[in-house]
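Residue numbering begins at 1 within each chain, and the chains themselves are lettered A, B, C and D in the order written.
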Amino acid sequence: MATLQSYLMVTAILFGLGLFVVTTRRNAVGVLMGVELILNAASINFVAFAHFRGNDVAGNMFSIFIIVLAAAEAAVALALVISLFRQFGTIDVEEATTLKG
Amino acid sequence: MLNMVWLVPILPLIGAFLNGGYSFSGKKLVRPLVHTIACGAILGSFLVTLLTFIHFLGLPSEERSVTVTLFSWLNLTNVKADVAFLIDPLSLVMMMIITGVGSVIHIYSIGYMSHEKSYARYFAYLNLFCFAMLCLVMGSNLLILFVGWEGVGLCSYLLIGFWFHEKKNAVAGMKAFLVNRVGDFAFICGTMLLLWSLVSVGQGTVTYTELKGAVHLLTNQTVMGFPVLTVVTLLFFIGATGKSAQIPLYVWLPDAMAGPTPVSALIHAATMVTAGVYMIARLNFMYSLAPDTMNVVATVGYATAIFAASIGFTQNDIKKVLAYSTVSQLGFMFGAVGVGAYTAGVFHLMTHAFFKACLFLGSGSVIHAMSGEQDMRKMGGLKDHLPITYKTFLLATVAIAGIFPFAGFFSKDEILWHTFNKEPVLWCVGVLAALGTAIYMLRLVAMTFFGACRADEKTKHHIHESPATMTIPLIILAFLSVCGGLLGIPEALGHLVGWEHSNLLESWLEPVFAGPHHEVEAGHTMEYLLMIFSLGVALGGCYLGYTLYTRRQDIPERFVRRFPRLHRLVENKYYVDEIYQKFIVDNLLRLNQWLALFDQKVIDGIVNLTGSITKVGAFISGWFDRVFVDGLVNLSANLTLQGGRGLRLAQTGRIQDYLYVVVAISLLILFWRFS
Amino acid sequence: MHFPYLSFMTFFPLVGMLIIGLMPSHRADCIKKVALFTTLPPLVAAIGLLMHFDKANAGLQLFEGPYAWIPAFHIQYYMGVDGLSLVMLLLTALVCPICILASWGIEKSPKGYFALFLLLDSAMMGVFSSLDFFLFYVFWEVMLLPMYFLIGIWGGPRREYAAVKFFLYTLLGSVLMLLVMLAFYFYSDGNTFNLVTLANQQTHLGPLKGEHFRHLCWLGLFIGFAIKIPAFPFHTWLPDAHVEAPTAISVILAAVLLKMGIYGILRICYPILPDATVHFGTLMAVIGVINIVYGALCAMAQKDFKKLIAYSSISHMGFCLLGMSSFTPEGLNGTVLQMFNHGTITAQLFLLVGVIYDRAHHRDLEGFGGMAQIMPRYSAMTAFAFFAALGLPGLSGFVSEVLCFLGGFRSFPIITVISVSGVVLTAAYMLWTYQRVFLGQVNEKYKAFSDITARELTTLIPLVIIVVVLGVYPSYILDLMNPTLVALGKTLTDLKIAGL
Amino acid sequence: MRENLLHFIPELVLIGTILVLFLAAFLASAQQRLFPQIAFVGLLMMLLANYGSRDLPAIHFFSGMVTYDALGHFFKYIFGLVGLMGIIFSHQSAELEKADLPSYYTLIIALILGMVLLATASNLLMIYLSLEMVSVLSYILTGYLRGVRRSSEAALKYVIYGGVASGMMAYGFSLLYGLTGSMDLTTMAQYLGANPASRSLLYVGVLFSMAGFGYKVAAFPFHMWCPDVYEGAPTPFTAILSVGPKAAGFAVLIRFFLTALTHSSASGDFIDFKDTGWPEMIAILSIATMTLGNLTALVQSNIKRLLAYSSIAHAGYMLMGLAALNNEAVRAVLFYLVVYAVMNLGAFLVVIIISNRLGTEQIEDYKGLGHRGSLGLLLAVAMTIFLFSLTGVPPLAGFIGKFYLFGAVVRAGLYPLAIIGVLNSVISLYYYVRVIKLMFFDQPADASPLSLPVVSHSYVVSGLAILTVYFGLFWNGLAALTERSAKLLF
């Protein structure tokens, strides 16, 4: 039987991986996947906490909302990636640096 | 009469105002109008003074001190000072001198300045000077005295630099003012110390009449280990050395001769420079309580007397000789007040005013005749061309030399007599100085009036006696030089002719200087002996001076040839003093110019030295201000900007760098929190 | 109910500003006249105030208010005068019309210039009349804005630098003041900005906690005010500001704005934090003497006429610091009188520099010479102002300087003796300057210069008269302020004695 | 239920407006001028409805998801007014000429709705949902300029940054949920007050939550999207962005920290539960935020970037109020938000007008604006008022805002914070004044008088300028309003 600690460990690693991905991947889609990882870490946390609090409905609900919103965000983000590709001819985020300083 | 006494200073002020306004307006010059106003003003105040004097004569001596208050000037908790005039025998003597001699010089100026473009401005300054000088002597407290004190300094500045288009004159005026300011610095400090010391004993005042009753409370007070009264009186005396051209602050006076000659007569001989003597005489009750200061005053006075007399020999500029003579005579006056002979000091002040004014005006007449030439080596033989000038000049010279029965004899002799009683060493110095005076004055007369005329042809052609406006004042002053001494015939002499209270001036001034007479009277026999001795010295000096510079000019020349190494000693008479002075100056400034003219070195030395020190200081602080104070501000501004630039670099435009920052800072916060 | 002199003096210039704002900008003449006639009624009101003022009363009087302004913060509209502020109000009311006259030659958008000037006028009046710290602060800051533009738009070549420097410096000072003001508010009984209430609370005994804290408050306020004075080492904005500012603005800056520093210390630090004031008395005296000597030495090193006068202002404000640090009636009277006198004398000096600058278009001291022969009347006026500035007895500057010295000597003899040397230095740089510019050989280049004009004279004559009158009869002003200052000094002296 | 809906009327009005806009887009998409009018009227009605609901009792409703209280009521006004301004600003914008206007206005109204919900949310879930709503709409609006590189780039950066930030927030929320077993802020506070909990985990949770809030208000170190997005986004939207979401962020910050993590004492101070140390964290972030914002603003050459950094700095000032932890501070933040909204919107409007007219956002091009005819003078004077107000110079509203904030900080005894704050406002003077200097002290390259395409803009500019001065002199009403509004329902 998995303990709460082990869930938390997994999510912490997932969260860290997510942060690692968003800060290192140069491909915009890859970066967005990192964001998904972070959100998933949160999502799993919610479910785990809800489970260990006697299947509290609120926690489960939150994780569902996270999934929904992640999808919405991804939709917008991908649209913007496409737009970026049209402008810059690449989806490498390192290229999009005209705004700085 | 006393309710009119305020007119005495106010009339010249009005005159100054009118003429000043006239000059300022730039309207066409109407000379008679100008000098009528100016002379009318000063004559008016002379008249009022005279009437007051007559009124006073009718009063018993203890009632001869009246304070006329006009209004309150300062009325604060501890400092109370009225604009008020103290009319007493001392101030009346001074007023008489100022308005009397002043009137004469005003009239003289009509002739002397007749070609001057800035005629109205000149008379405005002259009147303003009289006003300030009258404030100085009439003021009933130290603050009013100081107002006059600085006021005369201002007028001195304005008049020395009267012909300001020549830089030399302007600089001379500035020097006079600045050197005086150094003295004033001490004066202010003295006033502050005096006031607060008195406040601390519950008697805070600056008014003479109240001071007189209060200063004895300070006898046991000290400041930084020194008796308060000694410090205060010394500080005042430093102020006096500035105004009255004593060592070490005399340097401005010879330069002050850059002004018009009547100015030299009025300000730099007869009146302003005697302000220091007046001040000490006025504060005699305080000085008498500070014997140490008295010694200093007397010593400085006599030192100045002989020292300045020595310089008198080396000068060829007629006015410079007189200037050094003035310094020397002022030294006598300080010597007098320094030994407690206040009456003698004031007496000499008065006689000096007569004969020195006469000498200056006479020299002015000479210069006028010589078309502005002041170098005596280019004069000579003028006695036939300028008979009145010559005669009056000669009389004044005899007076200053101290020949009986001319004015100088009585006053100088009284000083020497008191000095002898107090301090025989100083007496010797005094006698030597008197001898010197006689010699160089005769040298002056000889070089100017006797022998052959050494002027060039053009100048020679123009030589003429001065107009009546100039000669009449000369005659008046010569008359006073001759008879002025009779006001103070010593009792020893009066005794001879059966006149018990022959010293009129002494009994007149007695209420002011009443105090314990602590001198030991050496008896009449001694006094006669000394009198004859000093008369002999004076006569000898006159003879020597006359002979050496007229008939036997070969003696100094042979002397020089026989003793080449003594050449300079003889030429400079009191070489010891000069070496001493040169030594100081050269150490201070120019080691390589041992033989440069003495006073010039002093001027360059002290004024330029202070000038360059302050300039260096000013430069350094200006630099400091730019580099450090401002620099610090700019530095912090720059740092801020640099910070901005640095932070701007962090905004790379790369989204992942932004995320790095988020992660890194979040981790940092967690570390900070949990470590 | 008396006529609201103070509000009238404060807000009337704003009316003029609005009128000017509505006028077409090409009617320069009319604008100037409106500006002039807007500054005159406050002058009349100031005289009315003077008549109405009870000299025997040491306290504040002729109150207007307190009216609630922002009840949420207990902020009041509260004005009143005592001897101290009355003198300053008189000075301001007097200098403003003179400055308008001196600005007659402004050609670059006069509309903006005069509108801003009137705003400045209003703010200055407000500062001197306010009895509510918040109100005071608002007026204090409002002064900055027009000043910034007046220097920055109508100034000389380096005007931007000077304007920004001025603004930054003074803002720095005022934000510190803001913090202390808030501290006063929160730590006072009943949370108030009312200066009278604050002073009466005797904070050194009461609610403001901790001696250390009060000392910090004092320092915060002092830095704020010291920048305005300007006291060493916060003074370097002043020479720049003066050099670049147009003549009239230099005049107002030197004559009125610098006084606000001292005024603020006397109005706020002294009554509200008396113990801290006593504690820092020596500091003030030391800064005072540095100002005097350092300012004078710097002045001597200057080659720019205006910079010289600016440094002389620094030197002269040192006298104020010295005088006020003594807490003696003489010192305090000397300080306030010196504020007034410096206002009238320095105003003349800047006006005079303006006169020659208008003709020569430079201010290099070495570049003139012999001007006394070319412009005799101008030179006479300058000589007068110079002698007034160097403290010639008989003119007003002398009285106040001597009083500052007399007061200072009581508390700080050595420091004062050093300060007195400033008298010599002042004379030195003043006379040296005079000699370089006016005396000696005539500079042929300027031979054609016209002498001072009637308008220029009109700006100077009232000041000359005041300088002479106050030199001869200083009691006229001293009587106004003496009771107030004696009362102020007594509190501090008592504390000082108790502390020892 | 009926009562709940009564509390919800302003939101319902907004939803209605969105529906009307959809319908209109469907029926009359050619009538370009119709949409702003519908949006405008909708917002006006929302404001009216909000006014009408002013006296309703404070309650939690929708299962405690949403709160109706004075604070939320206050923020609804702010958002409504910001929305109105945004619509005015967008009117005839040169940038938005080619954009799809019907959707633009719909999105704006939806954004306002999102902000309203954010400001009234009292449950972690609701906070997350509404914050995402605001974010997603913001991404879209930022990238609204099709075919404009900087717009797309900004939007992409925004979406990535926002995604990470909201992800971190969600993770933080999960930790808080795990610790307290609740998502309702009030219940969380009750739990924390009564039960032991791991302080360090709580701190981690708070810090990660802060990522989401901090990103919304643009506080260090979550601010870095801000300049790029401000520069890239269409300027009218930037104006809204600089005020609206920032205000919403502060609303949620106040509600989150003061409801869930503190208990209030009798003296009106709030006390940090369990001594978690979050006030210190906020104080440090506040210092870092304002210093960084001001310093970086010093060296900007683009006016929008300058205003972006300035808005970061202002977020720093307001965070100072949060760190002070007292009632005055809450009031001060609310007050500051209002005056900030007024002056910042004013400044942006001037930028928009210049941008529309001269097509430039470079500060250099503001040279001599004050000398370019009466319109130029008006704009320059108004800009001067806004910028001085942003600096905090009396008698302008910005000063009063700072006065309130510093007052609260001094009251809390945080003197170092106060001193750094005032020093920062001195630094800020330097860059604001640079713009003013250029406008007045320098001569324009092209001295021709300016003309204005949209007349109403000049009225709005004047109105905002007057309001800035008015609030600087007579702020009693506003003070009273904020005092009333600084009441949370716990």
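In the analysis below, contacts are C-beta pairs under 8 Å (C-beta built on N, C-alpha and C of every residue); 3 or more make two chains touch, one makes a residue touch a chain.
Computed from a predicted model, the values in this text were never measured in an experiment.
Enquirer: Between A-B and A-D, name the chain pair that shares the greater number of C-beta pairs in contact.
Expert: Comparing A-B with A-D, the pair joined by more C-beta contacts is A-D.
Enquirer: Which chain is the middle one, judged by CA centres?
Expert: So the chain sitting closest to the middle is C.
Enquirer: State, to the nearest whole Å, the distance from the C-alpha centre of chain A to the C-alpha centre of chain B.
Expert: Chain centres of chain A and chain B, defined by C-alpha means, are spaced 97 Å apart.
Enquirer: Please work out the Cα centroid separation of chain A and chain D, and write it as a whole number of Å.
Expert: Distance between chain centres: 26 Å.
Enquirer: In whole angstrom, what separates the CA-based centres of chain B and chain D?
Expert: The answer is 79 Å.
Enquirer: Can you give the whole-Å distance between the Cα centres of chain C and chain D?
Expert: Comparing mean C-alpha positions, chain D is 43 Å from chain C.
Enquirer: Counting only residues that touch at least two other chains, what does the list for chain A look like?
Expert: 19, 22, 31, 93, 96-101
Enquirer: Could you list which residues of chain B touch at least two other chains?
Expert: 637, 648, 651, 653, 655, 659
Enquirer: Scan chain C for residues touching two or more other chains and write them down.
Expert: 168
Enquirer: On the basis of the stated criterion, which chains touch which? Give every pair.
Expert: A-B, A-D, B-C, B-D, C-D
Enquirer: So in the complex, which bits of chain D are touching chain C?
Expert: Residue list for chain D touching chain C: 388, 391-395, 399, 402-403, 406-407, 410-411, 415, 418-419, 422-423, 425-426, 429-430, 433, 437, 440-441, 474-476, 479-480, 483.
Enquirer: Considering the complex alone, what residue numbers of chain B touch chain D?
Expert: Listed in rising order, the residues are 637, 640-641, 643-645, 647-648, 650-651, 653, 655, 657-659, 661-662, 664-666, 669-670, 673-674.
Enquirer: For the complex, give me every residue of chain A touching chain B.
Expert: That would be residues 19, 22-24, 26, 31, 93-94, 96-101 of chain A.
Enquirer: Taking the touch rule as given, give the residues of chain B at its contact with chain A in the complex, in rising order.
Expert: Residues of chain B touching chain A: 648, 651-656, 659-660, 663.
Enquirer: Considering the complex alone, what residue numbers of chain C touch chain D?
Expert: Touching chain D from chain C are residues 69-73, 137-138, 141-142, 144-145, 148-149, 152-153, 159-160, 163-164, 167-168, 171-172, 175-176, 178-179, 182-183, 185-186, 216.
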